[in-house]
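Going in written order, the chains are labelled A, B and C, and every chain counts its residues from 1.
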Amino acid sequence: MKSLTGKTLLAIATLTYLFMWVPTITLIVFSFSNDKLGIRWEGFTLKWYAEIFNNAAVRNALEMSLIIAITTIVVSTLAGTVTAYGLYKYKFRGKEVIRMSLLLPIVMPYIVTAGALLVFFTRVVDIPLGYPSILIAHISFSTPLAVFIVLGRMQRIDWTLEEASMDLGAGRLTTWRRITLPLLMPAVIASAVLIFPWSFSDFTITFFVAGVGNTTLPIYVYSALRWGETAAVNAIGAIFVALPLIGLLLMNFFQKKRVI
Amino acid sequence: MPRGACPERHEILRYAQNDTKRRAGNDKGMFFGSFQTAFRIVGEMPGNLREKIRKYLAKQAHLPSVGPVSIWTILFVIAPLGFILYFSFLTAGDFGQILPIFTLENYQALARPVVAEVFLRTLLFSLATTMICLLLGYPLAYFIVMYGGRWRIHLLLLVILPEWTSYLIRLYAIRMLSGRAGLINSALLSLGLISSPLGILYNPSAVVLTLVYGWLPLMVLPVYASLVGLNPSLLEASADLGATPFRRFFTVTLPLTKGGILAGIILVFIPCIGDWLVPLLMGGTKTFMAGNLVYLHFISAANIPAGSTIGVALTAIVLIIMYLCIKAGGKEATERII
Amino acid sequence: MENRESIPCVELRNLVKRFPGVTAVDHVSLKVEKGKVFSLLGPSGCGKTTALRIIAGLETMDEGDVLIDGKVINDVPAYKRDCSIVFQTLALFPHMTVEANVSYGLEQRKVPKDEIRKRVGEIIDLMGLGGMEKRRPSQLSGGQQQRVALARSLILSPKVLLLDEPLASLDRKLRKGMQVELKRIQREVGITFLYVTHDQKEALSLSDTIAVMDKGKLEQVGTPEEIYETPRTKRVADFIGASNIFPGKVIASGNGKVQLETEGGSRVIALENKDIRSEEVTGISVHPELVEVLPEGTGLEGDNRFRGKIVEMIYQGDFIETKICLDQTGGLITSYLNSRLGRETQFSPGEEVLVHWSPESSNILLG
């Protein structure tokens, strides 16, 4: 790294890393500050974290976000895995169309998806805004993610293993349960790890389709932000920042447990 | 599926219809009756027809796995998008209704200076953001790949992690730093460097910088992937042929990572062009982007046709950009997006 | 009606499998005797693996029947067939231990746990895999993985064990060892082996019967000796390593001999075979080790003697591959000279020599 290029690169990289991390690190630091506005250091405290659990509004929002994220994970990884399997294993007409339409939610601007869903739910079909609408929106977005992650893994699997299993006398379902699924597990876990932070922290789409009175944690943060910040938001924010880290550690843990 | 795609199906249907007609007289209850009929039909079918059913079912073997999500996608992805396309040609009523009167007025309204200005600004901000992301992201990715050594994966994770954090929270963090009463201002004030708080927020550069902050990781990832995929012997070969490091970069490395760059451009540009939170929280009405118009029309004004039109226009821009990038970058760009 | 001869273990009747643009298996009929090693030999892409997969039930056929033990099993799904396949890639389950891999099939058959344990123990001993039970496939050597794959299939005592080039991934020395192993195991368990390979040496040394396939068609079925010594067609002769092939026509016969004129215009002599009509003959083949090279001075009178010039001598260890250009036709003939006899000192490239082989060494080709 002695060369001029190396030094310049190091400088740019350092500045970029600072740019990316200083705001969130500051946020975490000040979530431990005693200051009511959360922007001055007034001594160490954990009271804002305690408040997350004492404040009923925050608690309800957290609960709603968790229910939605977990339901989305379960439905999306399941549906995504099954769909990826079908897309990979069978040749049929319209396969490309299905692949392309699965890309749609990923490439459409959030705001357009969000608006389209809201209009669809309220003006075309009558789906109540709240849990049903939010779940439909989240599942529509997350399933393609799972499909593409699992598809990527499928391209690297030795499929004669399935044939070997059937040859040894296992039916289709047993083969799925004992061979295919364990082999796909890393991808399934990876999509769950990816979907959770997405669903848990999505704001735009959720905000549009949530309707009145349904507050997820990001929506709570948004209103706190718009109508006067409180330091408790810092604590919530710190949790959001820590979340993907926890996911990463989880994924690491699962990978180490399975020798594949 | 187009008609005639599966000749067996028609034959089976015809057979089933005739059979049902024949036996209509002595059928029992709806449910059991139909089940029994189904079994009887299959049982009594001539061998070749049974064979055809078998073949037909074999051809549809993908349906149980692919079917559910396909139906879901049609219902909750394609239909909503189709409807906003449809609504964009209709007229808005005075009380938020959608009147089924065909009109092109919504599209003509896009040309109105107020709206056109917003679109122009959206494009400009998005372009600026994408360029800055590229200028920062490419050297960063290059640095990680060339100098990362055994810390490569950790350095990359430091880039990815913010992307998995709530976007809203990250915007909040920026605001905490740079607001009028924010940390930067209070630090500068207490150091005596300034006498009154700086207006860091609520201007175009604040919006663009925040957008960069928001989407930079999406540029680094594909570029990183294509740099890692580079065959090091290519670089060695070109060094061996006497190319200076500088020339080497522009004649070998850069062209070979084109796919990654284009993928990064798509990945950053798309969310930028649809962003509405940054202008809302960092910019104020003077920096409103197209996404804010969608929000205003859909939620505040309840003018669905006008909102739909802006949504359609945004989608069109995204599709055009994607088409251009994929055309320029070929297969690699497409693959790197996913 | 089948009682007169014993029922074959596996029988294919007019098997046809078409893939887009190619007929992988083209009206193949064959019978595999019980308790024997039967090899399907052919170049890659000849349809041998497809035929094997059809027998295993992993692929469907377009026409024809597959019988195991005299019963048509066309519609029996793979997991209910009484046969087991050892894949080229071995397909060991990477997430299971050796023990779990081996017991997998018995578990599917709902065999009681005690019995599974007993039989797994036995087969692991038979395969010499003791002490490896708790390892995963990735922690085993190539040869050990091979044994696990065999054990996993053999433990089910299938009517027939299908082997799809199981030794292809091993290096040469290990492959030799495993060939011996395979023969030993087959003798011990007495299970019919249906062996697919493209390695003619492997097929010759392992099999009781060999079927040579090419482009989806069955070319010849016979014992290793028959296949090696009397290949019936050019393709078989070429594939089995008889590199001297002379296309030609019968022009005369009598005295227990037939005379052929080759395309190059030479006359070659072969022994007459009563079962063959002379119109069917398309040429002869001679194995290189049966071609003698003599010093130039030797007389020309007698059958199959030709003048030529040595163009190339390649040392191959136990023999010297010698290529001779025939004066009369300009064609090349290959001879394997025994290097131990010290003849290499007699000849050198560029030398004029005489080549000779006896009429009984000429093998008549029919296609």
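The rule is simple: a contact is a pair of C-beta atoms (placed from the backbone, for glycine too) under 8 Å apart; a residue touches a chain by one contact, two chains touch by 3 or more.
What you see is a predicted model; the values in this text were computed from it and never measured.
J.: Greatest Cα-centroid separation from chain B: which chain?
T.: The chain farthest from chain B, judged by C-alpha centres, is C.
J.: Between what two chains do the most C-beta pairs come into contact?
T.: Among the chain pairs, A-B has the highest number of C-beta contacts.
J.: State, to the nearest whole Å, the distance from the C-alpha centre of chain B to the C-alpha centre of chain C.
T.: Taking the mean C-alpha position of each chain, the two centres sit 56 Å apart.
J.: Measuring centre to centre with CA averages, how many angstrom lie between chain A and chain B?
T.: 15
J.: Provide the residue numbers of chain A that touch chain C in the complex, in ascending order.
T.: Touching chain C from chain A are residues 158, 160-161, 163-171, 174, 178-179, 182-183, 258-260.
J.: In the complex formed with chain B, which residues of chain A make contact?
T.: 1, 5-6, 8-10, 12-13, 16-17, 19-24, 26-27, 30, 37-40, 79-80, 82-83, 85-87, 89-90, 92-94, 98, 101-113, 115-120, 123-124, 136-137, 139-140, 143, 147-148, 152, 194, 197-198, 200-201, 203-204, 208, 218, 221-222, 225, 229, 233-234, 236-237, 240-241, 243-245, 247-248
J.: Hey, which residues of chain B end up touching chain A in the complex?
T.: Listed in rising order, the residues of chain B that touch chain A are 1, 5, 59, 61-62, 64-66, 68-70, 72-74, 76-81, 83-84, 87, 98, 136-137, 139-140, 142-144, 146-147, 157-159, 161-162, 164-170, 172-177, 179, 181-183, 186, 213, 216-217, 245, 266, 270-271, 273-277, 281, 291, 294-295, 298-299, 304, 307-308, 311, 314-315, 318, 322, 337-338.
J.: Show me the residue ranges of chain C that touch chain A in the complex, using the header's touch definition.
T.: Result: residues 56-58, 77-81, 84-85, 87, 89, 91-95, 104-105, 108-109, 136, 138, 152-153, 156 of chain C touch chain A.
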